[in-house]
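What follows is a pair of complexes built around chain A, which joins chain B in one and chain C in the other.
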Partner chain A sequence: MFESTSHEHNLLARASLDQCVKCTICETQCPVMAVTPAFSGPKFVGPQAERYRHGESVDHSLDYCSSCGTCTLVCPQGVKIAELNSVARAAMKKDHMPLRDQLISRTIMMGAVMRPVAPIANAVLANGAARWMIEKVVGVHRKAAMPTAHTRTFASWWKKHTPAQSATAGKVVFFHGCAGQYFEVETSIKAVEVLEHLGYEVVVPPQGCCGLPLQSNGIFDTARGYVKTLAERLNIADDVPIITAAGSCAGMLKHEAHEIMGVDDPAVLRVGGRTREISEFLLDLADRGKLPLDFSPINLEVVYHVPCQVKGQGMGKPALELLRLIPGLTVVDSDATCCGIAGTYGLKKEKYDVGQAVGKPLFDKVRDVNPKLAVCDTETCRWQIAAATGAKVVHPVWLLHQAYGLS
Partner chain B sequence: MKRLQTDVVVIGGGSTGIGVLRDCAMRGYRTILLDRADLAQGTSGRFHGLLHSGGRYVVSDPESATECASENAILTRIQPEAVERTGGLFVVTDKDDPQFGDRFLAGAAVTGVPAEEITVAQALAREPRLNPAIQRAFAVQDGTVDGWQIAWTATASARQYGGQALTYHEVTQVHHDGSQVTGVTATDLKTGETVSIDCHFVLNCAGPWAGRITHMAGLPPVAVVPGRGIMVAMSHRLVNTVINRCIYPADGDIIVPIHTVCVIGTTDHKVTDPDHLEIPRQEVQQMLDAGEDLIPGFRQARAVHAWAGARPLIKDDRVAASDTRHMSRGMAVIDHSTRDGVHGMLTIGGGKLTTYRLMAEHIVDAMEEQLGTPHPCRTAEEICPGNEAGHNYLITHRLKQREADRMESPIICECELVNRSMLVQLLTEQPQASFDDLRRQLRIGMGPCQGGFCTSRVAGIAHEQQVIDEARATGLLKLFLEHRWIGLWPILNGDQVRQTALDNWIMEGTLDIAHLPSPDDVEPDPLAPMSPDPRTTDPTSTTSPSPDPTANPEVSSRSTTTTNRRARGTRAASKETK
Partner chain C sequence: MTDTIIVGAGLSGLSAAIRLAQAGAKVTLFTFGLGGIQLGQGTIDVLGYSLAGSRPTPADTAITDPFAAMSQHLTGHPGHPYATVPLASIRDSVDWLAALVPDLLTPGDGVNHMVPTALGGLRPTYLIQPSMTWSNPSSIAVVSPRQIKDFYPRLAAANLTKTAHVDAHGYHIDLPARPGEVDSSPVAYATALDRSDFARRFVELVANAIADEEVIGLPAILGLHPDTAESIARALGRPVVEFLLPPPSVPGMRLNVALTQRAKDLGVRVVIGSKVTGFTSAGAKVTGVVVAQAGRDQTYPCDHVVYAPGGFESGALTMDSYGGVRETLFDLPVVGATAEDLITGDYWADQRLFACGVAVDSAMTPLDVLGQPIYTNLHAVGGLLAGAVRWTEKSGDGIAITSAVRAADAIVSPGVTPTTNERTR
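Showing the complex of A and B:
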């Protein structure tokens, strides 16, 4: 059913292992290795173990890697450590992919199933007995953060939406992502309203899942199909930027499809080169003096946490710089490596405790600085931080939306 | 002085000598093997690790091809742990004559070497990094073989039959009374003790050093003409199948995936002194260019080590044609009774690791013919100790083992996945071992970091286990790194420069290794100034690196007639048995 990876997809990452000098910097930064001995660490499962692989991954403990990508980011030699590990994991799981990993990787299916019965779904997910059953049967930890279902989708809002002003600044494609369609509808709406406020004509072509959850669970073949289809739909014209508030999905289009799954599809490469996370896009405008800075003050102190998959895009922390342009707002960098969810990792019953331990420094900081509100770019990280701290956790665009007087 | 009695003394602990030790012991002879260094530390430890399918010889040397095919199957059965069944490909590159492929297939059919033409697409699917411009491809049953494991398990088998292998025992005299060999005198290099052995037969299996042994015996000179070949190991397997260039045997015509590395080889240059083998930079460049023809991007991959081995070629005009009747084409036996009137001594030249067992069978047959006591050879039937499970080596083995014991024992050598308990066990068994001795058995220091991270751990653990004192620990540490450096200098380029710089900062900057205590006599070693005459020292010479991925002789093997053709300077002939 899941043919998954074959060895040749690994060539790019495999070649990079030659650059490892065993300096161990990746191990000093790995959030998982710091909290559990179950994981042998990025240097071991990446460049070292790869020398012993030939289409087969016998070191099953590599599955404790959360795929946060911190190792690749910090490697001073350019070794594609996380990518090596993702490919190895896909090879390992190809013949016995757990049902749980198949289910939680299909965000659209979850969203579509839950939406019509949103109150029931939310009640079920809030019910301890039901969650106990789900843990036993499916393997999703009873305490793991789950999205809240909504009866309204972004598409249903968009269908009735008319821009408040006429476009003056050109066209942009908005890529909402699965969560932005079903679970994080408000974030998508605010992103579109901010872009329209800045004068952009926002285009929303029909779109599907980028395949990221499948990829991180090692279901490569299906994920490759998803990302190619998505890219074709988003690729409406060569000069139109693609803006998204789904930070991790942006990473999939920008580099992960190519670097982890070996996708060389021209549409994917073209779309990847034009995709911008919304904060990245707006900060670029600000840098060029084109972003209106007529912000109303927001007198708050909040923690901002940059997700691993946003860091992995190699663009620094644009949201942090952008939010600091808002008067009155004190933005405290979380300085935490990872929140511990890493997509779907922290949901899994055998990984839940690891994920919580990984996220603990971040959770503590949120509780210390502002236990009511925190800011983070990606949805699963927001759910994780919210579940652990009780804080409301929002995408940075929420604060921009407010500062522009749109809410 | 220690005095021993035995029937047969074998001089030289390479694959040939060890095969002979095992065969003699199994036929009931009391046999002692002597080597001035460790087992398989010379030529048998310095090849690229190919277990021939015979494909290399189907056109140039049909008899060797047939022998390789049958010995390949035998070694895979009797020493399975030392063998990986990688399979091999012969590929015709865009620079080669596609017609040679027809001669190759015809030769394979005649010699009984299994070979099958596959499509270029099939070859590329199997090995995605292969040059997409290849014109033809043939699948054969090449494998890879660890020469050290061959040596140890064959020695263990010999020991079960009473055979003894005395390593670090340097032969100083071979005694005869003018017509009959009477004994051998040796020095135990680890203790300095003299060992005198009475025997009535000496089998001179010293390979490139065989001429020194006959000289010691006071016999007319045997002209040994060592053929130097260099090899370069790349830091990981660029291919998982042996890749041969489908041409008449030549330089740089093979890439062998052995253990965690892949090795390109080799060259062939006549040298005078097998203790001093250069690794010329232009030959390294030649190998990298040859690799580029087979695998585009080969030059950008990381080379981790280079080394040179000496083919044990013997050129001897005094050998009568009748002396060769027991020989396969791949070797030469000099019978000193017919040649020099001294009974009880044979000198063996040539050979290749794939056919080491068959060579030994021929040599012991020749000895028994002189003694008049024939016994059947059983070395092809009996499985060597430690191989009873019958599993061939797989690249995943060590990773699987460490996955199982990773919580119990920390990893000491990160590149080659050696853990602490493996090290402590070997140190307990062999407290006198140098770090190079440990390396050949565990592969410590043979990966990309070339000892930069593991060597100080090994020294620390050996000291902590009270196996060695501080001075010996630091002395062995320095010696090991000096040996690694021999194989690093010729390939220092690209990614390996960064590693070497980091290693050097660790060793020089944090350990100040140059000023650590180090006794002069830390180890019998030619690098130390204790032996002014290189001819009396250890074969891990100053200019040849310590052997790498495995052992053995791609080597040599030349019959007298082949050698003579080579002497006439025929390029093709000089490559014939590569």
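Showing the complex of A and C:
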């Protein structure tokens, strides 16, 4: 496959275009189309408009697609609708990429800049006047959810960490992702502690960004470099599973690098085939009768929301099934299509209202079921739900960690 | 370890999943994309026409009592899916499905309803949603927003005058589903009508547009929520009937949501977005299915498989450029594919290609060319089964439900499956 953003080279997705039978299932499920007429819908800008694209965009409402991937997921004919649209958008934005999109897609840079001055960074992001300035100058909506910076990184914890018990179950590589390094440090620590509790020897090779935020903003060239470098670092041996608590980054390694950006790099494909979101990995153990189920009860009712990029991996809702094994815990499936953040989409000042409208049914359900705590697998979705509802939103591994008596 | 794997989330796949889960089985359902229920009309057909000839049939040849007509129909259609099951089980199965969603489907009373179509025809079906009740009115006002796609109230009214001998008048109202939209989809209207402010505005405009007709006909956009249609009818103060539209079908979406929710509530694991591309077997048993997930193939072990993938429309059946018809996952033998003239140039003729499919026994176990089961724990249901051209008979829903129920019951209680009343294979 060609690594290009030109439409002629978008072979994988284009090959699926003729399979569209115009059934409109994608349009009935698109969360953006449901809340704004600004987006003319996945079928229209996807398989239909694609026929008229010869290096030039024919429908600029494409920019309102959030890349949640729901259209591809629900298509019964296998049309790669979201992938077509992601490539078309990258081509459309190529020569005039907004500075804002350049900035917000560099998670490591944000984390590295914010960490040494975490209290100041957090104060600035909580300051209304500062946020107004940021909205005017950069284009990030003043109310959009921002990560909380920490002075401690996962790497600094890992350096001083020794496992509580010796390993008996074999080796796994832990892929923490950028957010798991800088912003969601606690989630990474709990994931490692659960894996070690289950007897795994956890290995953490040095690692960088998977390139997903760049990819979803259409900055493909840089993103391809990122994902290849990451794959080389994670690819320590052919038989070692790669476990992550960063569900959307797992999707990047498993299929998006290949299907959206045309990456055919052998290390990326090999690493993608071995990558497991931690709930997926643990549920597979449970299904084979190999997961200890000696959970302490957690007497709670919580909403669980599966992120679009976890759903897009076509494995159902492993965390939902897994959490239902914890006694006392009532897990309510959000049954919501999308939380509205879609990576960085809902941060943008012109899309913030769309994102909030997309997420409204989910927010209402969280407020209704348990306004204090909700569960979701990916970082930006957690930040979005937390900002909208005031609930604390945690990765499923937090509850497993507690149920195993580790917290 | 899962007990049963279902492949497909259309009417037959969901029916089998629900029936099995009700009996306590552990069920995982894989579906490549959303199931096909919302591409149908949210009604349940059992048998609408028993076509002797090959021409389109006017409404007065529609079958009134599908169960009474069944026996004779099957005599003229050897190898029909209904012929593999006891006749009584057809009505039992359809009644069972109706009871799953009592808020949505009116209970069956043994006779077909006639429902109005987008073009102003009437077609027979067995179970309807309450909003589709056709009461043979003497006069009807057919009203629609000018901005909706694919519905023309004056055309529908003019045709109804001829097909149903009713005094029908068509009226337009001006009400985009969202400000500025000139071609709103039925789903956009349904979402808007679920909001009371928009519904009030809609009711006001409809009431102002019409004369004193007995009944009001509206396009099938009256809410995704099952209660919306009734509250609109109440506000209008006259009986309302929904006219069925081409997809996206709002009543079909109501049914799909209700049945999918029912399956999930019963603990069915629904996995959407990955195609089942292969299987593992040992002797005459399927031991697992291979699912092409993101990045890799994953094998899911199982005790039983209910295969509910649909027919040609989903790609479960394909025809190559030499006219060879194949079933694509298990390579099951396809019955009827060697006949001459599978498709003819006469649109209205009996297109036998669409009766091609898999032959099964009374437990829905696929049979080889000698009539012997191929895999004893594999059950094929729904649109894949050979022997019926469903759209001309209006029989697809009943076949899907009945075959799914038979398969599920055979899995739950092996050996007690009654023998078929008519072995035709």
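Throughout what follows, the second predicted complex is superposed on the first by the 399 of 407 C-alpha atoms of A that agree within 3 Å, B and C clash if a C-alpha of one lies under 4 Å from a C-alpha of the other, contacts with A are read in each partner's own complex, and residues count from 1 in each chain.
Note that in this section a residue touches a chain if its C-beta (ideal position, glycine included) is under 8 Å from a C-beta of that chain, and two chains touch if they have at least 3 such contacts.
Since this is a predicted model, take the numbers as computed values, not measurements.
Student: Contact-wise, after the overlay, does A:G211 reach chain B, chain C, both or neither (first, second, both, neither)?
Tutor: A:G211 sits against neither chain B nor chain C.
Student: Pick one for A:P307: touches chain B only (first), chain C only (second), both, or neither.
Tutor: A:P307 contacts neither chain B nor chain C.
Student: Report for A:T275: first if it touches chain B alone, second if chain C alone, otherwise both or neither.
Tutor: A:T275 contacts chain C only, not chain B.
Student: Under the stated touch criterion, which partner chain does A:G247 make contact with: chain B (first), chain C (second), both, or neither?
Tutor: In the superposition, A:G247 contacts neither chain B nor chain C.
Student: Per the contact definition in the header, classify A:V74: touching chain B only (first), chain C only (second), both, or neither.
Tutor: A:V74 sits against chain C, while chain B stays out of touch.
Student: Once chain A of both complexes is superposed, is A:G340 in touch with chain B (first), chain C (second), both, or neither?
Tutor: Touch partners of A:G340: none, neither chain B nor chain C.
Student: After lining up the shared chain so the two structures overlap, which partner does A:G289 touch, if you call chain B first and chain C second: first, second, both or neither?
Tutor: The second partner, chain C, only.
Student: By the touch definition at the top of the document, which applies to A:Q29: first (chain B), second (chain C), both, or neither?
Tutor: So A:Q29 only meets chain C here.
Student: Who touches more of chain A, chain B or chain C?
Tutor: C
Student: Looking at A:P37, would you say it contacts chain B, chain C, both, or neither? Reply first, second, both or neither.
Tutor: both
Student: Kindly list the residues of chain A that each of chain B and chain C touches, one partner per complex.
Tutor: Dual-contact residues (chain A): 21, 23, 37, 77.
Student: Which chain A residues qualify as touching chain C in the complex?
Tutor: These residues of chain A touch chain C: 21, 23-25, 27-29, 34, 37, 72-78, 251, 253-255, 269, 272-275, 287-289, 311-316, 321, 333, 335.
Student: Under the definition above, what is the set of chain B residues touching chain A in their complex?
Tutor: Going by the criterion above, the answer is residues 128-129, 235-237, 240, 260, 297, 301-302, 395-400, 402-403, 406-407, 411, 414-415, 417, 447-449, 452-453, 495, 498-499, 502.
Student: Would you pull the chain A residues touching chain B in the complex into a rising list?
Tutor: 7-8, 11, 14-15, 17-23, 37, 40, 43-44, 48-54, 56, 58-61, 77
Student: Which residues of chain C touch chain A in their complex?
Tutor: Those in contact with chain A are residues 1-2, 28, 32-36, 38-39, 178-181, 185, 187-188, 191, 247-248, 253, 261, 264, 269-275, 291-296, 298, 313-315.
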